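Next come the structures, one after another.
After this come two complexes, each holding chain A, first together with chain B and then together with chain C.
What follows is the complex of A and B.
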């Protein structure tokens, strides 16, 4: 193997592949990034057996070949090389890396144990989504997924369903639920529960300027996302995903439209007081002409703030976990948002509102209230 | 516990085949018959092992470990540096990590999270291979051994299989079945458990903790 590649291209590719899949090595081969040089391309692949990252860059290939190199070492090394072309060449048991006057010889890792991901099956369904729409979908919905090792596996994933030319994403940690759909440019049907962390990495690949579209492939046991030169393949979380549609209320007693940014800022101020003790709720009181946001904390003190709002119905009082409410406001993202409420004890809905008063997108953020003594 | 430090190589033939090249290693032969070959890396995990019940046939420079499942581990001893037998204390119950201990306590109090209708008989029911986490009875009176793990893996199924084998010899515990309970059960563990007629269940620790939770849940 001998090739030359621009340093920045190599650094970006190695950094992404290493971050996606280099963190949880169970075998020595999994600490490596596999370099495959052929036909004017250098393809790099890393995997932790759950997520596989593959990224290709254009390269001048003088001799095709492969090498498995320690991923973190290579990422750190390439990140510190001076700008210019990097040459990688076989050197016995090592690979010689040269850039300007810097020269390294990096020991190979035996590549025989590096796993080959299972090929996609003929039954896999494939469609594409606009990259910016997919990125927004992932950041809106993924925040409602459960995190941490204690969580039920199915709740750490985002449920993706393709049907009727739409791709619908949903996630829930049982306290809140986020669901939204985007246009899916093929009328195919299928479903998969994708680990939320894998989708977050797809989002980062989009942010890195990967391309205008994301190709989504849902297959038995795995899903694949292709963005420009980057491909992320992930094992699926075994289901079933909770039947969340039955939880969505079909009517509301009180609707409130409010400016999102002032509410989010007031909430952040109140959280300073609320965070002094665990499980301190933020209380919202809706009445004609506005809302009052209040926090009472016996340890730290209390806070309140009044905001204008368009309230239909009510009055009504409801309390939320401040962090979950903050997540809902961020997920909506629009200038104004709408609360749809039934009473102070049943789940509330937050939706984005477009400037003309219609829903900006079909995001539904369902949030359980807290009990207040 | 027999502890042998030896330069050795090993060949395993069973569910898969593996060959361990020559090297200086620690071979542990436990009182229950488990044989494990450890290298100087890898935390708790041996480089090769055979779970009990086993038959160990010793020759001067060759050990052959076989089990009823037809698995076979052959260890070729090139040089024995040390061979000691140290009697260890009898099993007094594993000190569980925080999450496993919490799960055990919560599931003992709420066995219906394992399976509706279960009633807890006792925690840490003793068998001569160690304590099983919960002994329960189902509504039909059948005994149910519940092994609790934070993450349910193949090892947990193997462990429960051994407990069930021992417990099944007690007529008062018949009929008997087993359930592996964990916050997450790995796909391979599910397959192995189902193939052995053992149940598995993923329990929601947050929901179990939820008795004092001020935020009700959507479902």
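What follows is the complex of A and C.
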């Protein structure tokens, strides 16, 4: 193997692959990033057996070949090289890395154990989504997914469902649920539960300037996302995903449209008091005049704030976990948002409100109110 | 109403654990009884007066106790039971005054200043308390009545067994003088040895010694404390404890354990015991903390906050197990396991609750959120245990156990985790596991 590649391209690619899949080593081979040089391309691959990251860069290949190198070491080293072309070349048990006057020789890791991800099957369905829309969807919906080691696996995933030319994503930690769809360029049908962590990495790949579209491939047992030069393949979470559609209310008694930013700021202020004691809800009272947000905490103190709002129906009082409410406001993201409420005990809906003359996305953020005795 | 000159009572149950065992099992009455684990590292947690006559005392290795007293009946401890009885004792004390400061399961200070109008002078109150505990609970106790906490505690010790002593304030200093220095609160064996090395053998000797000299001998703080106490000076008030802040149980293994199955069984037992104690106290807990002490004595603790406060055995067990699993011990050798529940509140005032939108998938019928049977199971198990003694109902995993090193009754020592205000009293071995915050 012998090749030359611009340092910045190499650094970005190695950093991404290492971050996505180079961390949790069980086998020595998994601590490595595999370099494959052929046909004017250098392809790098890293995997932790759950997620596989693959990224290609254009390179001047003098001799094709492969090498498995320690991922973290390579990432740190390349990040510190001076700008310019980097040359990589076989040197017996090692690989020579040269850039300007800097010379390194890095020991290879035996590549035989490096796992090859299973090939996509014939049943795989494929379609593409606008990259910015996909990125937005991931941040909106992924928020509602459960995190942490002790959560049930299915709750750490995002359910992706392709049907009727749309791709619908949904996630829930059983206390709240977020779902929205984006146009899916091909009318194919399929479903998969993708780890939220993997989708967050796809989002970062988009942010790194991958391209205008994301290709989504849903297959048996795995899903693949291709954005620009980067491909992320992930094992799926085993389902079934909870049947959430039956939970979505088909009517509401009270609807409230309110400016999002002032509400979010008021909530953050109130949370200073609320967070002083675990499990303190934030209470929202909706009436003709607007809404009042209040926190009562016997240990720390109280907070309250009045905000203007367009309220239809009511009055109504409802209490939320402040963090879940905050997540809902952030997920909606628009300047104004809408609450759709039935009563103080049943699940509430938060939706984005489109600015005049624009279409809002179809996000539904459903959250269960807290019961205050 | 004038302030009584000696308003402080110290009430101390006599050989508490052993007395409870002798009361609950008439066969044990009059026989030398030691409470503690019979095997391995077991030590005597409490000895009946019959056993003490043969030289058995608490904290003594069981092997040695048996040698001293061949007739010794060794009874495994039932801390749940002692907690119950302790609650009953404390309830009697609270009938007299809210100013009750428990030091452990079996002793407490009372300030009866406000009670003399109703119940008579402090020695009368002390006698009445002893009579009530004797008739209602069939247990002996001793009471000291004095002007200060240290004097009251000293007197309950001198009154033992089954007695009451009262010193009028005017006589305290004179009566303290001939006592050996070891009677002063805070003077342990090392301190006594040091003081005696300098010829200070009685309380009077200490009282007459220059304060600075004493402080040079035994240290700044202790020197000052001993000097004050020797002269009858002790301004510390009785601080009634606020409600429990946490409930915990710990178990030290007879031999270090690396077998996950053994760890799991002990964890089950501890979590179940803590949950049961929560229910008995009418509390629910929001946080479950696991403590693991490794063979090299390093402690690892991990906590988990539950979405809904609970006193359900199922929930506490599940949280404790998840915490243990997340530690990935990989067969590290474990010396001690502990389970603690904190973030307590009254079960009837469950506070705000975050209900779920949908049942936890995968939990299926086991999900306590959708299955009330776990609560019903707890109630049934509690009822049976109340009637026949714990653990009458338990996991099959705990019963199908023929490993002598893991006798569920082997060494469940509930560590005292009293708060800072609980006072420096000589700690009985294996006392309260209910942490109280004594507002210092």
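To be clear about the criterion, the second predicted complex is superposed on the first by the 370 of 373 C-alpha atoms of A that agree within 3 Å, B and C clash if a C-alpha of one lies under 4 Å from a C-alpha of the other, contacts with A are read in each partner's own complex, and residues count from 1 in each chain.
The rule we apply is simple: a contact is a pair of C-beta atoms (placed from the backbone, for glycine too) under 8 Å apart; a residue touches a chain by one contact, two chains touch by 3 or more.
Fair warning: this is a prediction, and the values are worked out from it, not measured in the lab.
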Ask   = When the two structures are superposed on chain A, do chain B and chain C clash or fit side by side?
value = clash
Ask   = Looking at the overlay, does A:30 come into contact with chain B only (first), chain C only (second), both, or neither?
value = neither
Key: Touching partner for A:160 - first (chain B), second (chain C), both, neither   = neither
Task = Mind working out whether A:273 is in touch with chain B, chain C, both or neither, as first, second, both or neither?
result = neither
Task = Using the touch definition from the top, say if A:247 reaches chain B (first), chain C (second), both or neither.
result = both
Task = With the two complexes overlaid, spot the stretch of chain C among 260-268, 278-286 or 332-340 whose C-alpha atoms clash with chain B.
result = 260-268
Key: Set intersection of chain A contacts, chain C complex versus chain B complex   = 149-150, 152-154, 172, 174-177, 242, 244, 247, 279, 281, 321, 347, 366, 368-371
Task = Enumerate the contact residues on chain A facing chain B in the complex.
result = 146, 149-154, 172, 174-177, 238, 242, 244, 247, 279, 281, 321, 324, 345, 347, 366, 368-371
Remark   = So, in the complex, the side of chain B touching chain A is made of residues 99, 150-151, 183-184, 187, 202-207, 214-219
Key: Partner chain C, residues of chain A touching it in the complex   = 149-150, 152-155, 172, 174-177, 240, 242, 244, 247, 278-281, 319, 321, 347, 366-373
Note = Per the touch rule above, chain C residues touching chain A in the complex are 286-287, 304-305, 307, 309, 322, 326, 343, 349-363
